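Labels A, B and C are assigned to the chains in the order they are written; within every chain, residues are numbered from 1.
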Amino acid sequence: MTVDSQNDNVTIGVFARLQPLLARLLQGLLTLLAVSLLIFLAARALPGDVANMILGQSATQEQLDSLRVQLGLDQPLWWQYLIWLGGILRGDWGTSLSNGQPVADLLALGVRNSATLSGVALAVMLPLSLLVGVIAAQFRDGFVDKIFLGMSMVANAVPDFVTGTVLVALFATTVLHVLPAVSFIPPGDSPFSYPDALVLPATTVIIPGVMYLARLVRVAVIDVMATEYIQTAELKGLSPSRVLFRHALPNAVAPIIPAASLVAAFTVGGVVVVEYLFAYPGVGSALVDAVTNRDLPVIQANVLVIASAYFIFNLIADSLAQRDEAAGQRQSKA
Amino acid sequence: MIPVKFSRAIAVAMLAATTALTTHTFAQAQELVLGVIGNSKDQVQPYTPTSSASAGSLYNQLYDGLTAYDSNGAVVMELAESMTPNATLDVWTVKLRPNVKRHDGKPFTADDVIASIKHMMDPANNFVVSSQIDFVDPAKIRKVDDLTMEFTLKRPFGLFANAFADEDFRIRAISDDGSVTGTGPFKLDSFTPGQEARLTRFDDYWGVKPGFDKLRIIGFRDQQAVTNALRGGQIDVAYSVPYTDVPALTKDPKLKTVVSGTTTYPIISVRVDTPPFNDQKVLEALKLVVDRQQIVDNAFGGFGAVANDYLGNNTACPIPSEPQRVQDIAKAKQLLAEAGKSNLKLELVTDGAFAGMMEMAQLYAQQAAAAGITIKVRRLDPATFLNRWREWPFLISLTSGPYETAALAALLPGQGENATHFDDAEYNDLAKKLQSTGDLAEQCKLVTQLQAIEYKRSGDIVAAYPENITVYRDTVSGLKPDLYGRTAILFGGVTVKK
Amino acid sequence: MEMTLTTHQRVRPRRASGWWRLWASAQVRWGVILLAAMTALVVVGPFVAPYDPAAPVGKPYDVPSAVAWLGTDNLGRDVLSRVLSGGVYLAWMAPVSALLSVVIGAAVALVTAYYRGWTDLVLMRSLDVLLAFPGILLTLLCVSVFGPQPILLVGLVVLTLMPGVARVIRGAAIPLLDREYVLWAKAVGTPGPVIILRELLPNVSSPLLVELGLRLSWSVGILSSMSFIGYGIQPPAADWGLMVSENGTGLGTQPFAVLAPILMIILYTIGGGLIAEGAARVMARTEGKA
């Protein structure tokens, strides 16, 4: 890329390094803005509103109208959006339309729980998929590889809610009773105080993640091992493990980083079904709930958090990929 | 010496530890954990229009009503000691139960009642069900003394005690610090809407106290989660479980069930002011295609009884003498042909929010197909469903509560819950009489007549009267059957042994 | 750089004999056979089903018997008949969604990778918006407004999967831009679209086919998840995904009502997976040997 390590002037070098990052940050902020606007419009386009949900079946039209005025839903759309945006810029997330609680409080709870679940899942998933992928590639076409490929095909075929349901039946309700079927974490407590409540939801996320990533690792390692560069290294007489870990693996990691970032983003934002299944009180559950209630400020806040997490993971992954690309180029020049 | 001393020290320490442990076990508060479907719209103050199970579970512990329905459906006095009308039924004198304490330690008085009713009736507070007590004039409630009030009504009303027995009209009080407080069997410790409420027994409660100290109400996302939590031992009592889960749950020797009648159940409704349903022949045909036994068996797992197209199976009054409708496809076809409506194509909408709704809709669609009626079932999310509430021509709706409130709210013109747009002169007339009589025998006669009209002409297809099933762990004892489905939330005399 | 250009004149894989090479792979053969068998089952199934899939034949969650070989479901309907009739939607919706996702995703990826600049920026950032936009809300929105029509569901799956495909393929295409044959083609003035089609596309075929296999599986997953949350195929239609969610509560009492449709879903996706997997290997081998 444009980064030139030979540059004598350190200050300019740092600036040149930072510039693309700043550009990406700006792009990211614009992306978030676009997402928030889209979500706002989408949520308003849904049939029914929070007044319907609060007042229920017995409400008369007058009561609905009066509540809409109280909640500010009668204001023009663009004005409502600007009010909300202005609040966010001042650090004010607003209050929930459905129960009057501060959105920031609800959000903090969900973010803490979801971050814990995703963090635990990723911490297990990433190294595990690297390990499984490398092993499968090493035993390419062998028994272990075939077993892995078969398993990965099945694991990818089964939707999350099926994996979750089967895990619940196996470990919580039907066969064994060793783990809780429902991950209830009291609002005041940390998820780490309930480690057993994390096991099943995390496993449900980890299984398909590992099976997807390990497959990519496997293909990448096989591809890299087949290149002239590695074959040359082998001809030079380097030990197989040195070839694998020093030369093949770093090159194999690059192509899977975008995929890993996707899985990470997916794990953060896409735990909706898993959270739903295990009644895990995270951002995903909160979003589903808020959409059902048409609770606009809560929907917006949760979406922003999910989108930001996605963006940050992508930024990290992209800069890693670019660094690796640059490193790879230097290495092949050498 | 030293070893002896040492071992003695150990022995003393161990003894102390054991004592501490035992004392601790004894002192440890017995907690009951109740699982319900959580609703994040819940609030602590009771005058919200949401009739969620989670809010109901909480309000039932924190607040009392002036009157209430007991487990058999009779109206009993709670915070009120007596309610006495004048001869014309338009002035009622309410005497309060003496020595009732509020959770903040203050005595409960007529001021609390008057303030509560004024808050309920204030249109600014959007308390939609207040239309059920629209006979009350909030400006004309006179405080006679701390325990006596005189209500001068807008019109004569005989069902005064019944109206206030409805769960929506529990009485709250405001503490000095502005917070909401109550008089119920439990005090609130903490509350997170839709997720959790923690409560402690209120030892100055005036009624039958619960036999355990702590109550935790956990809100789950769906029935499946409640069932799983019960099986996994995370909760002691499940507010309700899906009918189809019951066989699996009853296999577990640690789980017990209470089956009781209920006034809350789904019904099929059509708009009687809209074609093709405004044709009596079509309406009759739609009622004749129902295989009611199949709905009881397959939608409600056999927990229920065949119904006959009128609400209120649980009134203490004699049932109408109309014959039981049974499936008659040939007759239905004939009626449709006569109406010129063979090959009807309809869309049946539901939000599937209540157990049995989706199941009943599907079975009904299948049964109607035999008479050449094509019914497409469409499931909507609740807000979409509510947005066009009272507009849907063909829907699954829900009835809830005792006859005199539920049926009248659903069948009188202009009422919010009247999804069928039923407006029948004879029915309206009888309903007015029912509301303005204080005589129990007369009330019963009128209810039976009203039900007979429903059977003949209303837009409600009532296929089954399902039962309510409460499943709980064997560590809990004392839960009782309850006509209003409150088995899981009435804790008077209930004990927990863990 | 110039030196490597002359020494590594790389020959692209020939395409003429590609199909034979693919067929020679046992995995591809088995995949095709499995898919053909499943398709046959889906087509013939409704005609050989012993009962009307919507009609109750017993009590809810009856265990297998002579009347209902696989028992009954949550409404007392015959599980076997529902399994036989339940593949129609998935059988066409999943492949169409997967194919469209991969085709559109690859097109976006290659165009942005090759042209970079503003095209890249605008397209990739739009995809970011799409990816960051929670699928659940999109699904809820579209289904609430337009009703659960199969075409709409396919569109939603494509919107969900396509950005992912684009990112992965883009990741695979960018290193190719520094390859000698691309540089060579650029140097001799070959137009961009031709380079994309003739130089880039064939060389991302292996990740493309892996993606196709995976996305097929994911399409099945997403479509059945939509049914699971109530926004997919509507009851009383028999649909494998729907059956899993309808009968989830009966897993302890009558596991066949859940396991039978799960097995069908798995078999169906394994068919697609085998083809993609085998094809990817053949490609890798061909490229490696060339």
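In the analysis below, contacts are C-beta pairs under 8 Å (C-beta built on N, C-alpha and C of every residue); 3 or more make two chains touch, one makes a residue touch a chain.
Predicted model, so just to flag it, every value in this text is computed and none were measured.
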{"item": "Centre-most chain, if every chain is reduced to its averaged C-alpha atoms", "value": "A"}
{"item": "Identity of the chain that, by mean CA position, is farthest from chain B", "value": "C"}
{"item": "Inter-chain centre distance, chain B versus chain C - centres from mean C-alpha coordinates, in Å", "value": "46"}
{"item": "Intercentroid distance (Cα basis), chain B paired with chain A, Å", "value": "41"}
{"item": "Length of the line joining the C-alpha centres of chain A and chain C, rounded to whole Å", "value": "21"}
{"item": "For chain C, residues contacting two or more additional chains", "value": "140, 144, 248, 252"}
{"item": "For chain A, residues that touch 2 or more chains besides their own", "value": "46-47, 173, 276, 288"}
{"item": "Per-residue multi-chain contacts in chain B, two or more chains", "value": "381, 384"}
{"item": "Complex contacts: residues of chain B adjacent to chain A", "value": "40-43, 48-51, 123-124, 126, 128-129, 131, 190, 192-196, 218, 220-222, 225, 228-229, 231-234, 381-389, 397-398, 409, 415-417, 419"}
{"item": "Chain B partner contacts - residues on chain C that touch it in the complex", "value": "54-56, 59-61, 74-76, 140, 144, 147, 230, 234-236, 248-250, 252-253"}
{"item": "Complex contacts: residues of chain C adjacent to chain A", "value": "8, 121, 125, 128-129, 131-138, 140-141, 144-145, 164, 167-168, 170-172, 174-175, 178, 206-207, 210, 214, 217-218, 220-222, 224-225, 228-229, 241, 244-245, 248, 251-252, 258, 262, 265-266, 268-270, 273-274, 277, 280, 284, 288"}
{"item": "Touching residues (chain side chain A, partner chain B) in the complex", "value": "46-50, 52-60, 63, 66-67, 70, 96, 98-101, 109, 168, 172-173, 177, 179-182, 184, 186-188, 276-279, 281, 285, 288-290, 292-295"}
{"item": "Chain B to chain C touching residues, read off their complex", "value": "223-224, 227, 242-245, 247-248, 251, 294, 297-299, 301-302, 352, 358-359, 362-363, 365-366, 369, 376-381, 384"}
